[in-house]
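Step one of this worksheet: look at the structure below.
For reference, chains read A, B, C, D, E and F in written order, and residue numbers begin at 1 within each chain.
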Amino acid sequence: MGAIVTFGETMLRLSPPDQQRLESATTLEVVPGGAESNVAVAAACLGRPATWLSKLPSSPLGRRVVSELRRYGVTVEVVWTESGRQGTYFLERAGQPRGTSVIYDRANAAVTSATADELATETIREAETFLTSGITPALSSTLEQTVGDVLEIAQVAGVQTAFDVNYRSTLWTPAQARDTLEQYFPAIDVLITPARDARNVLERAGDAGTIATDLAEEWDFETVVITCGADGATAYADGTLVERPAFETETIDPIGTGDAFVGGFLASRLEDRSLGTALEYGGAVAALKRTIPGDVAVVTRAEVDRVVEGDHAVIAR
Amino acid sequence: MGAIVTFGETMLRLSPPDQQRLESATTLEVVPGGAESNVAVAAACLGRPATWLSKLPSSPLGRRVVSELRRYGVTVEVVWTESGRQGTYFLERAGQPRGTSVIYDRANAAVTSATADELATETIREAETFLTSGITPALSSTLEQTVGDVLEIAQVAGVQTAFDVNYRSTLWTPAQARDTLEQYFPAIDVLITPARDARNVLERAGDAGTIATDLAEEWDFETVVITCGADGATAYADGTLVERPAFETETIDPIGTGDAFVGGFLASRLEDRSLGTALEYGGAVAALKRTIPGDVAVVTRAEVDRVVEGDHAVIAR
Amino acid sequence: MGAIVTFGETMLRLSPPDQQRLESATTLEVVPGGAESNVAVAAACLGRPATWLSKLPSSPLGRRVVSELRRYGVTVEVVWTESGRQGTYFLERAGQPRGTSVIYDRANAAVTSATADELATETIREAETFLTSGITPALSSTLEQTVGDVLEIAQVAGVQTAFDVNYRSTLWTPAQARDTLEQYFPAIDVLITPARDARNVLERAGDAGTIATDLAEEWDFETVVITCGADGATAYADGTLVERPAFETETIDPIGTGDAFVGGFLASRLEDRSLGTALEYGGAVAALKRTIPGDVAVVTRAEVDRVVEGDHAVIAR
Amino acid sequence: MGAIVTFGETMLRLSPPDQQRLESATTLEVVPGGAESNVAVAAACLGRPATWLSKLPSSPLGRRVVSELRRYGVTVEVVWTESGRQGTYFLERAGQPRGTSVIYDRANAAVTSATADELATETIREAETFLTSGITPALSSTLEQTVGDVLEIAQVAGVQTAFDVNYRSTLWTPAQARDTLEQYFPAIDVLITPARDARNVLERAGDAGTIATDLAEEWDFETVVITCGADGATAYADGTLVERPAFETETIDPIGTGDAFVGGFLASRLEDRSLGTALEYGGAVAALKRTIPGDVAVVTRAEVDRVVEGDHAVIAR
Amino acid sequence: MGAIVTFGETMLRLSPPDQQRLESATTLEVVPGGAESNVAVAAACLGRPATWLSKLPSSPLGRRVVSELRRYGVTVEVVWTESGRQGTYFLERAGQPRGTSVIYDRANAAVTSATADELATETIREAETFLTSGITPALSSTLEQTVGDVLEIAQVAGVQTAFDVNYRSTLWTPAQARDTLEQYFPAIDVLITPARDARNVLERAGDAGTIATDLAEEWDFETVVITCGADGATAYADGTLVERPAFETETIDPIGTGDAFVGGFLASRLEDRSLGTALEYGGAVAALKRTIPGDVAVVTRAEVDRVVEGDHAVIAR
Amino acid sequence: MGAIVTFGETMLRLSPPDQQRLESATTLEVVPGGAESNVAVAAACLGRPATWLSKLPSSPLGRRVVSELRRYGVTVEVVWTESGRQGTYFLERAGQPRGTSVIYDRANAAVTSATADELATETIREAETFLTSGITPALSSTLEQTVGDVLEIAQVAGVQTAFDVNYRSTLWTPAQARDTLEQYFPAIDVLITPARDARNVLERAGDAGTIATDLAEEWDFETVVITCGADGATAYADGTLVERPAFETETIDPIGTGDAFVGGFLASRLEDRSLGTALEYGGAVAALKRTIPGDVAVVTRAEVDRVVEGDHAVIAR
């Protein structure tokens, strides 16, 4: 079965329990989190072979990232290095008006020096879909080059390439992001972007359908997916627009929702599901993710199928 | 004061904290839980002498069950055995669309070999009310026989018998359940059943009032109570139908709600309260239960009285 | 910059995690809590120098109180004593119909023997605003005298005096409270009272505006603030009535809301903000407080400014 | 089977986990602890009917004490009161040179107003052995009277009376203790005392054997037991001196060791064991206690028998 | 690089924190544990490809086992089934005289119905070493047959077979064990046995060297290893006896020590290390294991090398 | 009373509970730790005014450091910056042969850009003793310059300067350290160094007394202290050598021992204690520190006095 291969940074996320403040909490919960590995976990949970490529410090912290991804069935192919840090981020979850907040501490992470030469590009060539996101090139100029290189490697090998815009305002400006991403667009088959990023970064206007169509036509993407949070998602492919609402969900942890969506969508497409069904799978994994503490969607195929089919969970006794 | 005596299995419930997944949680919280002992705890909290009969493995796990029930004032009379396991169940609490789920691990529990001969039947004979539920006979063929025996013992001794249908689809089919339960019905005075079980298992139709009336008339029950979750409860006795709404509640743990209701209802009836008041007491204990982590309703008489009287809780400072 | 100085009791608050019952919880979380020190923390978080005066037992428990207040930037000037206890209170947080409940265990606290002679009254004289609340005189007859003494010391020194009625039914009756508080009123510049206390204790009628106006006119207060919980707050000063709604908030811990309001209001007034702006600052600190576990408002100036300006918190990534 | 009945105060013990300091710990572990109820638990664990008499505040804290004792099989007969506190104590466990330390907060506990009139003295009259300790009369002058009363009630009823000297320097001076205790001595059959208290309080000199003999002869005690910590224990009865070494133990929590010894000794004597065997049972329960977190000896008969028989615990797989 | 493949049961281990008693602990820590998978983890940590074969229930509990083994780099090839339980065991850690104790709850585990037909025997055929232990055939008569079958499959395929006697008295008698194991002996190349089992089960006498030599000669084993706990280990191969002492270790969790030894020994032998060096590697992994909570030896190659080389760990700052 | 002022980096320390591995722990405990602030806390606990100077990121993490130091009575004067990280370190505590290990993640910490111009040098000028350590200049070339500057500022102002060699092999080589430190030596009055660093970095030979004498004579230090861990400490001043053994201690957390010693020594010297007494105070604070989890010595004056006086801690009841 064709595999999904992703490339990017995975951080250790440190967060206080019970909506405590970072300023006073005495313990922090540790989980791994990174856009591209989150996608890989979601795909693996749906039964799709998934591999994550990266570069990590040769330390208990780097091993921690690897062990947590392996536990969910993701194959990990990383370059181990003695230089560079393990990126971390601190998350404080809270209700309004305090709101959830994030402090990234990812500068000089080991991955920032990763080059296409040292990565497991053979694995990319053998993939069915290769994904990375707009976070990766924003991390260093080396990675800006590397992302271009690996997308080209995938394209040349005939691998489907997918890209999630994932704009991060703490890493670069919209203009910087747009300049860089547009260089990648010719090598990308499937573009996924939050509507917000499409507007702020890609400078698109209009509703989700218009944005999807315009992007697809301008850059000749095979597929464009516009995610609109609680308002669902819209996709364009083969001249057709499809729209699906989001599933209702009781949110306990919002981080990783978009990645869960991407993992569900891509895995479903690799099963030759229709565009609409794939949006539903993406939405179902995303809705389940929000009920689960941590960045990753630890779900089962059966759970996702049930949500897609619209069945309400009842306690089976 | 006349006592309530109940008979059944109590498991150890193991559940991850903070809506974590069973697949990844590193600690589990342990509490006891079992339909009939939950009823006994609720009754004891209302001031009614309550005794729970069962058979347990002679191990720290069996002693754990006993000690947790004793702490809430229930008298425990168990047969200790070197054979048979301590039944457990794993509970994963979650919001929609994930939903709360349960994995029972109760096969070959010590109680499954319990016979009327070895149980403290003298205690049953001296009770004012004896209760068991539809879970107990579903656990083994020995217990199917035992339940019939102890109901007969109670009936012969002039003890009021109460029975909660409590259908568990993981233990038997509706048809198997109906066949078995109907053999017990002649020995039962008070039948309590969720409306859902009345429809699926007892093959009744119509609204709660119709079901209650029909069951009472067909099987000559002294009292029939139909519980309808958030929609309240309906009871039939002495030719009269009474209905009460459920109290509003902020649910933190739904498990044990029905048992809390039964304990509140039976304890109230033993105080010679009217059918309607007893439904209110059942509903009040049930509503309080849902705000409390764990299977059992650790409540005080004063709290229940306050809820029945419709007083909103305010912070008394 | 002129300082706020407050005087009162700070207890150690002991509360079960996760809405467990005090009757069965095996661990308790410990935080400090006291009306007047809560006010000092809120003011300090807004950048205002704040000092808390009290009397504490010379023990790890007394030191615990001091260390927790210092961590939030409050200067602590306490009399250490070998006699008298550290007051505690037990808090059980729960949803309806159980409701949150409190057990005070504060009798014979060290502070109950505090006299004006031994307190750091020089610090009061150098303050810009001095605050205490109706809880303090209710704790002992010594404190009833002491509160009168320190208010007079402040008044004589030309320090603005503020007083939060803070009626506690477990400490005295409304009539006792009224008799005592009215003796203090001539020495008070700023009176803050929950509408509920104004009605029950001060025997006022009418809406919040009427109450504020009547109190100000009868007792010649410079400022009167009436807090109405989720319905906002009303203030009267210089012949003008101002009203502000409360900010929406997702409550995780309601204790300390009123104190957070007072701290925000007073700190804002000391910055020469208008009455209406000060009500908004009070409301913003209060709204943030309710999202934070514990009695004290661990907030930043920037967060409070953001809430006052009406910005919704979004995850900044 | 003849029961042991004990009378005294049980506190809630609050202690930081993992050898943290009280001054900085954010959570506290809660367990009940009191000399006389500790004895009752130890006796109940050995299979002896045991009842604890006391007076408690009608609150979740008082109910907490009751529920924790009941869980270990102790029958609880308490007077519930609206006045008086629940006594607590704070325990900080630590190695040398810091050392374990204790802060008692037991003044004005509900039990301090308990009189013989209101206690369940009928239960004392029906006991086989009645025990209290030197802590109880030290708590209040009312209790000083009550202890004399209940000892007399027991003596008149022909119940064996046992008394553990248990001197507490935070409650009274050695001279005060001696004066009070010597008034009780004529009513006491079995005197148990740490060698240290015998020397400091009872002003005895010489080795343990000499002390035991002298005390027995002077006051005509039926039995005298002198405990010497890690050096074992010595008992005198019927003109004979018996000595037994302590069992080796890996201490995780030293609190309650003496009470565990007393419970084991008395329970064993009630089985008509020899004085030496009873010392061994006391020592075995004490040694096991020190391996268990908390004040009470949660042990099984089989474990104690094994230790007495000198068998080393091995992992039975 | 040639792989180690192991076959057996992995349970979920549930244990109270902080040496609490199972009878009263409110939380349990969960980790996986099973002799054969423990060996696989140890080997994987040393860099050896390791695969674990088994049969598991298709549930979150079964997935939990898989995910925990995968995190440490073990490849998992299991048969998923809807029937059969997830085996568990309860562990209470304690010092003397209480001692650490274990309650197995492994009857009817899913693995007990595993047959050679359904297992991934192709993986066995491709292994360099195949290991199982005396626990596996003791679990069911089906497994008794299956173990014989898979050993034969390995032998026929020219795979080195290793077997750890691992006698469990809760599963069978010494005589039953001996009868069964001796049937396997002709198919076994490397026999590893605790000296205690060699004496009790295999009915050998003499010192470790004598036992090793006698066993090797009688059954024509290629290698025999006798483990003697803190007294080290002795091995016989090619007519030579080698003995190595154990490394000193500060034990925090003794469970899994033997398996860690086996994993280290076998992995080292697969690197063509001498018999003595392999004993040292086994001993080093075992010593490290005892400092780590849980059943499995989460170690790094570098740590093990350092211990073998006799370097004391110092804090590298 | 003359104050101690220290300057350096304080990190957040993240460590798994219960000797778990960093590779698998799911929660981390957070405490602040830094050589110079540890010294300040120890001095403050002994009653000496203590101020810590540094530069911190304007974030919850930076505020966390400040709040934790303030709680122990240290005055904090920091430069807040928007650039630069909060340094962290990961600590894994373990017994032998695993051993305790540390992963520093302190590159690019905010403090690395601190210059004498922006620090509160007025506070240094008003100090009685100013301390920094060999860690600070090793963090950046800016800090190498800054340390020289602030030592000179102190010297010019007539403030006693103290310096702890504190060599960190992860930051620089012995040769680099020696070159840098020797440039500071002319400005240093009190040199404190582990014997190990004196040998490896300062290239001294001989016993502690010889090293102390040689250093003092060569560099004209007022005082030289050589610490030898469990072997005690030796000091040289005014032509005299003094030696003191270490106090026995049950170590639960070794990190921060040296800093506790320095804080105790310096605070004692500021009380005009003799050299020998100051060594004893240093040793007593160090011994207590090792019984306390975390980097800082949360002790009381009374505890330290008791240890110096050689009294064994007993449970005072």
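Convention: contacts are C-beta pairs under 8 Å (C-beta built on N, C-alpha and C of every residue); 3 or more make two chains touch, one makes a residue touch a chain.
On a predicted model such as this, the values are computed, not experimentally measured, just so you know.
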{"item": "Intersection of contact partners for chain C and chain D", "value": "B, F"}
{"item": "Interface numbering overlap (same over half, different under half) for chain B and chain D", "value": "same"}
{"item": "Furthest chain, CA centroid comparison against chain F", "value": "B"}
{"item": "Where chain E and chain F are represented by their mean Cα positions, the distance between them in whole Å", "value": "46"}
{"item": "Geometric centre distance via CA averages, chain E-chain A, whole Å", "value": "39"}
{"item": "Per-residue multi-chain contacts in chain C, two or more chains", "value": "17-18, 21, 23-24, 26, 63, 67, 71"}
{"item": "Touching chain combinations (by label order)", "value": "A-B, A-C, A-E, A-F, B-C, B-D, B-E, C-D, C-F, D-E, D-F, E-F"}
{"item": "Residues of chain C defined as touching chain A within the complex", "value": "17-18, 71, 247-252, 284, 287-288, 291-294, 298, 303, 306-307, 312-317"}
{"item": "Residues of chain C touching chain D in the complex", "value": "14, 17, 21-31, 59-61, 63-64, 67, 85-86, 88, 90, 92, 103, 105, 107-108"}
{"item": "Interface residues, chain F side, partner chain E - complex", "value": "18-21, 23-24, 94-102, 104, 168-170, 254-255"}
{"item": "Of chain D, residues touching chain B in the complex", "value": "63, 67-68, 70-73, 300"}
